[in-house]
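See the structures that follow.
Shared chain: chain A. Partners: chain B in the first complex, chain C in the second.
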Partner chain A sequence: MTTLDRLQTIFQDVLDDPSIQLTSEFSPAAHGDWDSVATVRLVLSIENEFNIRFTTDQVASIKSVKDILAVVEPL
Partner chain B sequence: MESTKAILEQAREQRRSGDLAGAYASLRQALLAGDATYDFLDKAAELFHRLRKQSSPPVSACQCKVAYLCNHTVTFHLPILELLAWSEGLLLETYAPAYGTVMQEVLNPSSGLYAFKPEVVVIASHWRDAALPAFSENFEPVLQRALDNISQKWTVILEHNPCRIIQHNSDFPAWDSYGALGGRLGGARTAMLRELNHQMAQIAPPQVAILDQALVSANFGRERWEDDRAWHLAKQHPAHAALPILAKAQLALIRAGLGLTKKVLVLDLDNTLWGGVIGEDGLGGIKLGPPDARGEAHQALQQYCRELKDRGILLAVCSKNNPEDARLPFEKHEASVLKLTDFAAFSANWNDKAANLLNMADKLNLGLDSFVLLDDNPVERAQIRARLPMVTVPEIGADPSEFIAALGKGRYFEAWSMSAEDRQRTESYATNVQRESLLSQSQSEADYLRELGMVSEHGPFDETTLPRVAQLVGKTNQFNLTTIRHSLEELRHIAADQTNWTQWFRLRDRFGDFGIIGVIVALADGPDTWRIDTLLMSCRVMGRRMEQFMVRTLFEAAKHKGIHQIAGEYRPTAKNNVVAGIYPAFGFRKVKETSEEVIYDLTVADSQKPASFVTGEALTESSS
Partner chain C sequence: MAYIKAMAYSLPETRLTNEDLYPRFGEKAVKSITKMAGITERRVTAPGETALSLATQAALKLFEEHGCDPKSIDLLIFVSQTGDYQVPANACILHERLGLRENCACFDINQGCSAFPYGLSVANSMLETGVASRALLINADVVTQLLYPKDRALVTLHGDAAVATLLDCSAPGGKLCGFHLGTDGTGWRHIQIPCCGADRQRNGVAGEEIVTEAGSVATNKHLQMDGPAVFHFSLYKVPEAIQQALTKWHWTVDDCALVLLHQANKTMVEMIYRALNVPAEKQFYFMEKVGNVAGASSPLLLSQALRQGKIKSGDKLLLAAFGNGLSWGAVAIEWT
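Moving on, here comes the complex of A and B:
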């Protein structure tokens, strides 16, 4: 499973929408339920799944999936 | 936990396919397993939130309007609180003022807060809200100001909107810049917060319950309680992971305020109250007390139960055993903390446990939804859950060292206040056994009631009796015509108005004193009319025609005060069917009937004095 696949599962789970097809360009503009609250919920779930912790800055600057991948991918 | 997730996923799928009732049912099933992790509850709460937007949840036993006041974000917390409440049969409607407007909402009488008319207000403050400096040379006025800020909110809220208030006491910053000195120097922040908590508890009026956040956070783990990143990013307090335990603590007090607290702890015996099987191992073979570690764990559980009993929780035994074997340890084992007299009911036989519990509820005159069953046997637990879903059956594992924690985490027995009646409750149930033997010797019911020698003191509400009156109003479910849950403050208001008539009733007989067991509130409804707002009686004294005496006292007072008409009202609930026929029995005429209420009317001049076997002793009746 690629990192993007794992993230897709989390996005589908947190946003309760199995139709989400994740790309690195996917952003809040692409999904009505991805608001700032959802960002926090997503981060908490991603941290659980990948056993990592985002810095305050990294959470605050999430603008799209690309920013999440930048934190998760180096693993 | 995997299966819990699978059930949740099924619930989501059902919602998406439009099967909302199915989704609610699956969600409830997923919650039953008791997964209290934030990760699970967050997703379950999100689903619940979506479902509620689409359709109302299936009928809940109770509803409550809760206002949530705090200076941090509630976005993550309220959905979890609502979800957990719903899983316990309580549908919450919540209101939270816009971020940063708490004080304005409290002070402005026409604010959204008061338009909402909350029944419970949660003031969810935390250590930052006290706005204390790290150190203050002259700290007493600083402390006083912080305390005044808190009590002023209570006063203003209660003035505009009589209700119950749950006030968080303060947690503590995990990292005090003064280190160990922070708790030692009088003027340091940690020491001041401690003092604030202490004084808050001293000055809180009866309608305010203090949620011991200092303790909740310590139980959770102070280093994990706060997440500074979540605070800086989203003004989230405490950490997300701590929200479930906080919500549970709040919910327990909300339930207590609504009279939904548990009243009976039913205990299994073998491998629950002692190690081993008494019928096989015998008195010398069971493990109870030192030096055996497992024996100590069972003894500690007995001690915990004994303490619950001493504060008014009824203990009962329900065990598959020979009755003589079952009693033996309580009579003869030197390490047994519990004695036979500590139990309000004792059921040891080979019948099915569900049948025994039904029987017990009947005998104690209490609803099964006020029962908690502690049983080490997972098969028995599953059976009771399936047969009697209203009984609370915590998962307790198999290690007796974990039983106390399992009970404690459920917060089943949270109470808003304590009264003298609480401490005597088991004795009161125990003397019922003596009464039963009198009943079996009596020729007729009338003989029996006469032989009991019942005496009732009664009088208008005053400061001494108000706490117990408020407690009865808050929790009486069966013999309660309207189930209107006035707070103590509201009752005080009502009693202060001389045109209303309030009365408490105490009952004793030759075997013992029940304390205050009956309450009537008649509100002036025009110059010569009373409307019975509250008429209730503790289930412990049902079947003694005490209600006859209470209504007779009401009629006499009405005549004395020149009242011509008395209106009565019956609001049916799931539990008060027993009083459905009361008003007609006392000669009231039905005026109107809807599904929510039946209205009755009585002309005082035509009323018949109900016969009663109770001798009255009127106290401090006003001379007017």
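Moving on, here comes the complex of A and C:
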């Protein structure tokens, strides 16, 4: 399972939308339910799944999946 | 150590309900945010109402309800980020309105949601060292006046309030037993008004609308908050700071009758309680009908707990507040 696959499962769960096909360009503009509350829930789920902790600045910099991959993929 | 002797608060009359916000932001967006926040209505200032007008009402209410002679006060601290004046100190204006005596120190403290522990700490120090004998601490914020009306993330959260707290060094009352204050200045950008002072002035392009990725709208002349970043910071830093405070004071959560937290939003407070293993009977909330009232939030919570008879003699209380700066503070209180 790739990192993107694991993230896709999280996004589908948090945004309650099994049809989501995640790409690195996926952003809040692409999905009406990705609001600030969803970002918090996504970060907490990703931290749990990947056993990592985002910094406050990393959370602030999330504008698309690409920014999440930048935190997760170096692992 | 100083003691909290009495408290009183003032809320604006105007109520802004979730339903009132549907036409502005859409029912779905309002419901999503307010479900997370646990807020159904806010008390917001009307034109002409200010931090000082609410502060005056709260102080006069305290004098009347507790039989306090204003002339007995020799220290007035006004803690706010939304004062009526940049010059002079708002405490001096309040001094006139309350008819306080000349031998009374008056000054402002600029602090956000962590304002109450900071204000208590300064008042405690000045009372303990004999600089003053009776202090009036005012926490007043009218954050709604800093918000861009189209900013759904902040408009849905915030309300306005002022709380007056009377302190001196005599028992009985809420004995201030310890403080734990902290700051992470690297995070100051996450809650700010970008154009509001000497660095970037409040004119010109600063008023243009900025649409965030999540669809919220702000301007550089209004309060901006990176909600997810601040939420994330609070979930990790606040429990950590509270644990440090408890260790310093040789207290545990089990020792506390109540753990009182800044009423940022209900989900955040619930998650901090969970991280600290605070049982339900030690939790207390007061935001559903008033909103997040910034620096006035944690004193409003304490005042409300007192009004509801939740605090009795011998109880130990932990109160913690956190917010812009990024800043946090905790205070240990033992009710005698």
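One rule holds for everything that comes next: the second predicted complex is superposed on the first by the 75 of 75 C-alpha atoms of A that agree within 3 Å, B and C clash if a C-alpha of one lies under 4 Å from a C-alpha of the other, contacts with A are read in each partner's own complex, and residues count from 1 in each chain.
Assume a residue touches a chain if its C-beta (ideal position, glycine included) is under 8 Å from a C-beta of that chain, and two chains touch if they have at least 3 such contacts.
None of these values were measured; they are calculated from a predicted model.
Participant: Regarding the shared-chain residue A:N48, is it in contact with chain B (first), chain C (second), both, or neither?
Facilitator: The answer is first: A:N48 touches chain B but not chain C.
Participant: Touching A:T23, do we find chain B (first), chain C (second), both, or neither?
Facilitator: neither
Participant: Who contacts more of chain A, chain B or chain C?
Facilitator: C
Participant: Output check: A:W34 vs chain B and chain C. Expected answer is one of first, second, both, neither. What do you get?
Facilitator: In the superposition, A:W34 touches chain C alone.
Participant: Using the touch definition from the top, say if A:T3 reaches chain B (first), chain C (second), both or neither.
Facilitator: So A:T3 meets neither chain B nor chain C here.
Participant: With the two complexes superposed on chain A, say which partner A:K63 touches: chain B (first), chain C (second), both, or neither.
Facilitator: second
Participant: Is there a shared patch on chain A that both chain B and chain C touch, and which residues make it up?
Facilitator: In chain A, positions 36-37, 40, 44, 54, 56, 59-60 sit in both the chain B and chain C interfaces.
Participant: With touch defined as at the start, can you tell me which chain B residues reach chain A in the complex?
Facilitator: So the residues of chain B touching chain A come out as 12, 16, 38-39, 42-43, 46-47, 50, 75-76, 229-230, 232-234, 236, 240.
Participant: Help me check something: in the complex, which residues belonging to chain A touch chain B?
Facilitator: Residues in contact with chain B: 13-14, 16, 18, 36-37, 40-41, 44-45, 48, 54-56, 59-60.
Participant: Contact residues on chain A for chain C in the complex?
Facilitator: Chain A reaches chain C through residues 27-29, 33-37, 39-40, 43-44, 53-54, 56-57, 59-60, 62-64.
Participant: Given the complex with chain A, which residues does chain C contribute to the contact?
Facilitator: 29, 32-33, 36, 153, 184, 186-187, 189-190, 213-216, 226-233, 235-236, 326
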